[in-house]
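Each chain carries a letter (A, B, C and D) given by its place in the written order, and its residues are counted from 1.
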Amino acid sequence: MIRFDSDYIEGCIPEILEALTKTNDEQCIGYGKDPHCMHAIKLIQNAINRPDADVHFMVGGTQTNIAVITSILKHHQGAICAESGHINVHETGALESVGHKCLIIPTNDGKITATQVDTLIKAHYEDESAEHIVQPGIVYISFPTESGTLYTKQELTDLYAVCQKHEIPLFIDGARLGYGLTASCNDVTIQDIANLCDVFYIGGTKVGALFGECIVILNPAYKKDFRYSIKQHGGMLAKGRLLGIQFEELFKDNRYLTIAKHAIDMAELLAKGFQDKGYSFYFPAQTNQLFPILDNEKLKELSQEFCFSKWATIDETHTAVRFVTSFATKQENVEKLIKKI
Amino acid sequence: MIRFDSDYIEGCIPEILEALTKTNDEQCIGYGKDPHCMHAIKLIQNAINRPDADVHFMVGGTQTNIAVITSILKHHQGAICAESGHINVHETGALESVGHKCLIIPTNDGKITATQVDTLIKAHYEDESAEHIVQPGIVYISFPTESGTLYTKQELTDLYAVCQKHEIPLFIDGARLGYGLTASCNDVTIQDIANLCDVFYIGGTKVGALFGECIVILNPAYKKDFRYSIKQHGGMLAKGRLLGIQFEELFKDNRYLTIAKHAIDMAELLAKGFQDKGYSFYFPAQTNQLFPILDNEKLKELSQEFCFSKWATIDETHTAVRFVTSFATKQENVEKLIKKI
Amino acid sequence: MIRFDSDYIEGCIPEILEALTKTNDEQCIGYGKDPHCMHAIKLIQNAINRPDADVHFMVGGTQTNIAVITSILKHHQGAICAESGHINVHETGALESVGHKCLIIPTNDGKITATQVDTLIKAHYEDESAEHIVQPGIVYISFPTESGTLYTKQELTDLYAVCQKHEIPLFIDGARLGYGLTASCNDVTIQDIANLCDVFYIGGTKVGALFGECIVILNPAYKKDFRYSIKQHGGMLAKGRLLGIQFEELFKDNRYLTIAKHAIDMAELLAKGFQDKGYSFYFPAQTNQLFPILDNEKLKELSQEFCFSKWATIDETHTAVRFVTSFATKQENVEKLIKKI
Amino acid sequence: MIRFDSDYIEGCIPEILEALTKTNDEQCIGYGKDPHCMHAIKLIQNAINRPDADVHFMVGGTQTNIAVITSILKHHQGAICAESGHINVHETGALESVGHKCLIIPTNDGKITATQVDTLIKAHYEDESAEHIVQPGIVYISFPTESGTLYTKQELTDLYAVCQKHEIPLFIDGARLGYGLTASCNDVTIQDIANLCDVFYIGGTKVGALFGECIVILNPAYKKDFRYSIKQHGGMLAKGRLLGIQFEELFKDNRYLTIAKHAIDMAELLAKGFQDKGYSFYFPAQTNQLFPILDNEKLKELSQEFCFSKWATIDETHTAVRFVTSFATKQENVEKLIKKI
């Protein structure tokens, strides 16, 4: 069985295991105050060219989203997000479990627009019974989205302008950030990201680390007391060094982008394979997640040898599925798959 | 600087890093459904002699406590615990953040008694305005406690009998379980633990793993839907294999107890060092946490070379402090410390 | 200015004020344990022909919804409801504030169907990552809906059958129950309601009382400890007698239905007025809420003399608005309005 | 049976029922925006001599406490209060249910001191692991306390100074405010209250109203968006006029203090009765709650004719009990009781 069902099926880049082994006997203070975390913070501040940024390390995505959003929202506020946003559909209501509603915006491709956000916020304040409705308190987007699509620089710029107009922060979930930054169609740099939002996070789990997400807080208004929020949401790793060491390795020698680019190369190879055979895609093929539409016969056949996910029923005989590549995807496996398409 | 400030200052036992390295290229399904987790579950069921137990792996202690407690409590219920209980004092209100109150019981040594629990529960139901008061819904204890002390088998038996009488579950936080099981004064086995509570967890983070806690659910009433709770509280590690692999290593060849015993040996060596010099202890010296009372001159002097924590002010010239040993503590460092006492 | 903007713009039926005055000097035990509450409970059990029902009185609708839903849901569960459901749109996220997500179903007329509910629940359990998604734990509907529409007896029967098939409770919000039961097109009795759900409530605030809602719990599984939930959500009125006295009056001599019928008569008179002039309605005109579509000139003109609410923009020159009648609506005011249409 | 078990056993002052009757046919906009509320707000701003204050009306005490506290606290913060504080012991964990911990201070008489608060806050920030502990975010006290005792003006001044030093708001629960202001030993005016805290509330339910509490927000920092909080916590009464009308009557002609003074007169008469017979009190007899210590024979005897509450077991033969007077207590009943003491 060859797995293409997600980008967290392999371990990590070998450099990380080497570094963990090399540093194993060091005695480090806990909870992210050790020298490795301090060094990784510097590397990331440099990479985004924002020495003023506050940088924190978390273990996983759900706790990252919750820690950020609850540290910002007041009790009567909610998070604007795409209907398909991870916080809305795939976190078992973690956000609601700590008190906040998702204010959802319909989407076809995982993206929401500046106009949609503007309309929603305006409509809220124009409503005579606004007080009976959850107040928009933050805008949450993913880059890339859960549908594998990307915002252009212009789209991000417009979204952030609307947020700033309404004095509401923009938070970018970058669980797959590397795979967005290195996509061929992408025109956004990591420095752009840092300048076009209030908070974002750099995904490690899906991009080469064993685990780990790196929160970057740009807006000074949201820096105070953030570590309380990390701890309250179970995100403060006792041996915080493990996160520091991993991000040291990921941000050494531009490695984060290099390894992400490999996944993109593999995805583009695979996308071409599908296109050459005349397959169409459910969402635009832009990053490391591909959503080809298969007839159900072919789906069944491929399932014998390859792992991938059903995504949506198209009609009685066709299904959209998801194939995912990663930093660790082997070209020979992609080629084996293409042969069977 | 030699650190004795906690049992999570070093990495992990070398076998874990070797296993992570050896398995790094494997493709595994995510979220704890991989073969390593399945195997580790079997090893743990065997170790506790309870093949019927449900076993789940989590990353850290706070999320473990919250996932267990919220999966059991109804909204109007709270958790009975010692005033010094970890959920009450050192989790930034994580339990309250998801809706539940700690119903605290005073304690001098971190332990609560069957009588105290019985009295609290009876008093609740005898109160005419019981409905205005949070209903006791679970009893939470730690073994060893946050004060480094241990329940005897008789004490545990009595506590569990009271819980069963009142039809309220008993949950044992075993963040340092290994250091309790291997203590010289201990008369409780891991099988006893499994038979004297409804749910408990086996701490990995502080006992040889890089990170990881293992929840064991004995009472069938609390097994259903538990994985939703793991996910909701940010505890479902994408690369769940990392937890499986670590617990495979910890429960191979009785390793969990062997490495814990080392910490106990080191703690007993150190405790003897203090006793020989006439120091007294703030809490009984039973496990890997020692709380000697130092005069402030000595405290200052030792602080030059050793890391440890201030715990409580005794009087103007004396302070209780905490020294902690671990699976990785070096005997030469303990000896250096003893020389300076 | 004549108000048609809601059904809570007047005080109450005069009998209630008389009864409050007559009983004012009585000394009654607090919190709903007084003789008036006991008597009102009997009257309601008789009216619904369910002596086994548990009956509780609350002050307002939001706290009623929250007390019921949280007393039933486990932490990882959410409430299925129409997109337009009151809990989803007009309670400032009260349900989320205590931890639960609304699992919304699209609707054109405020109603959801048995098929929609069945599909949503099946889809949940068929999803491989169900654990990452909030589990459906209760179905919430309103009778009448927020759009003024009614479920037929067959529709309710089907909905309840689906709920029972999936072992998930059905909760009916009856904030305007009286106006549903007495509508001309209605074929559901209050006894039917009691037999076709697990919990429902009988609205008092909008149907003749100063304030007050009456929760009826039919399913024994949800009776235990419910008063804790009332108190926790701020719904336990100190002078609970005030609720008992009001519901005594409402359920004396079939008064609840008599006064509701008056509002329906007024609404039908008004609806006919609109229809006669050729107006169409945004939602079917079934109960005491009417949603005619006005051209904006007429809207402006009517606004000079009458209070009513804008509901939805139809096109550049037309707007759907809401007129509401109540137990206290005066026929002369309806006639004045009809003249101006 | 003559009841002395609480101050909410009778209805209300007759003027309120008359006003409700007189205004019953008025059509008023809902949710507290009607002319009666507007007028009552002015009366209260005048009474406290703070035209800048924001004034809001709520139905009951629990929802009032929760609405205020959650509108102020951030997620990682908790409320400092006396161990006996109402939010800590008699609201079924309402505060925890929306995410916040009570940070309790021990007390013998229901009061906490400036020094205690100062010590707790300082200790928090001096703790190396402050981030692992709930951050103090508000100070909650009751005037009078749940033990019937009063803060002196100096004590309040000191408490508020400590709060301001630490930039943490002071919130005063005035459920029985009238009975504090009119007590013989009291040296605090309602204007003092308004100047010595950030938010307080004026209790109506226990002081002459059918129900109703009036929140007064002095500190501009906490005014914004407060109505969202009222609604989210189920405190926004549809027929808000009912609250406006009641507070209009209570604050007409100094009536609030006049009726409260009656309860105090009755309590002092009763206290003297106990003292003359040589009884001692569990808490100082200062306001309308008296806590005499009875021998159990006498307790049993009095229970035949009078309702009152057991409060605390003193020894095998003695019990502290609670007698409460109110605006409606009849002197003849007090005299009957005194005869039987």
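As a convention for this text, a contact is a pair of C-beta atoms (placed from the backbone, for glycine too) under 8 Å apart; a residue touches a chain by one contact, two chains touch by 3 or more.
As the structure is a computational prediction, the values presented were derived from the model and not from experiment.
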More contacting C-beta pairs: B-C or C-D? The answer is C-D
Measuring between Cα centroids, which chain is at the maximum distance from chain D?
A
Per the C-alpha centroid definition, the whole-Å distance linking chain B and chain D comes out as 41
Roughly how far is chain B from chain C, going centre to centre by Cα mean, in whole Å?
49
So, what's the distance in Å between the C-alpha centres of chain D and chain C?
33
Per-residue overlap in chain B, given as positions that touch at least 2 other chains:
70, 75-76, 91-93, 97-99, 129, 131-132, 228, 231-232, 236
Residues of chain A touching chain D in their complex?
31, 70-71, 74-76, 98-99, 129, 131-132, 135, 225, 227-232, 236
Please name which positions on chain B make contact with chain A in the complex.
1-3, 5-6, 8-12, 14, 17, 20-21, 23-30, 59-63, 66, 70, 91-94, 97-98, 205-206, 210-211, 228, 231-239, 241-242, 307, 328
Under the stated contact criterion, what part of chain D meets chain B in this complex?
75-76, 78, 89-93, 96-102, 128-129, 131-134, 309
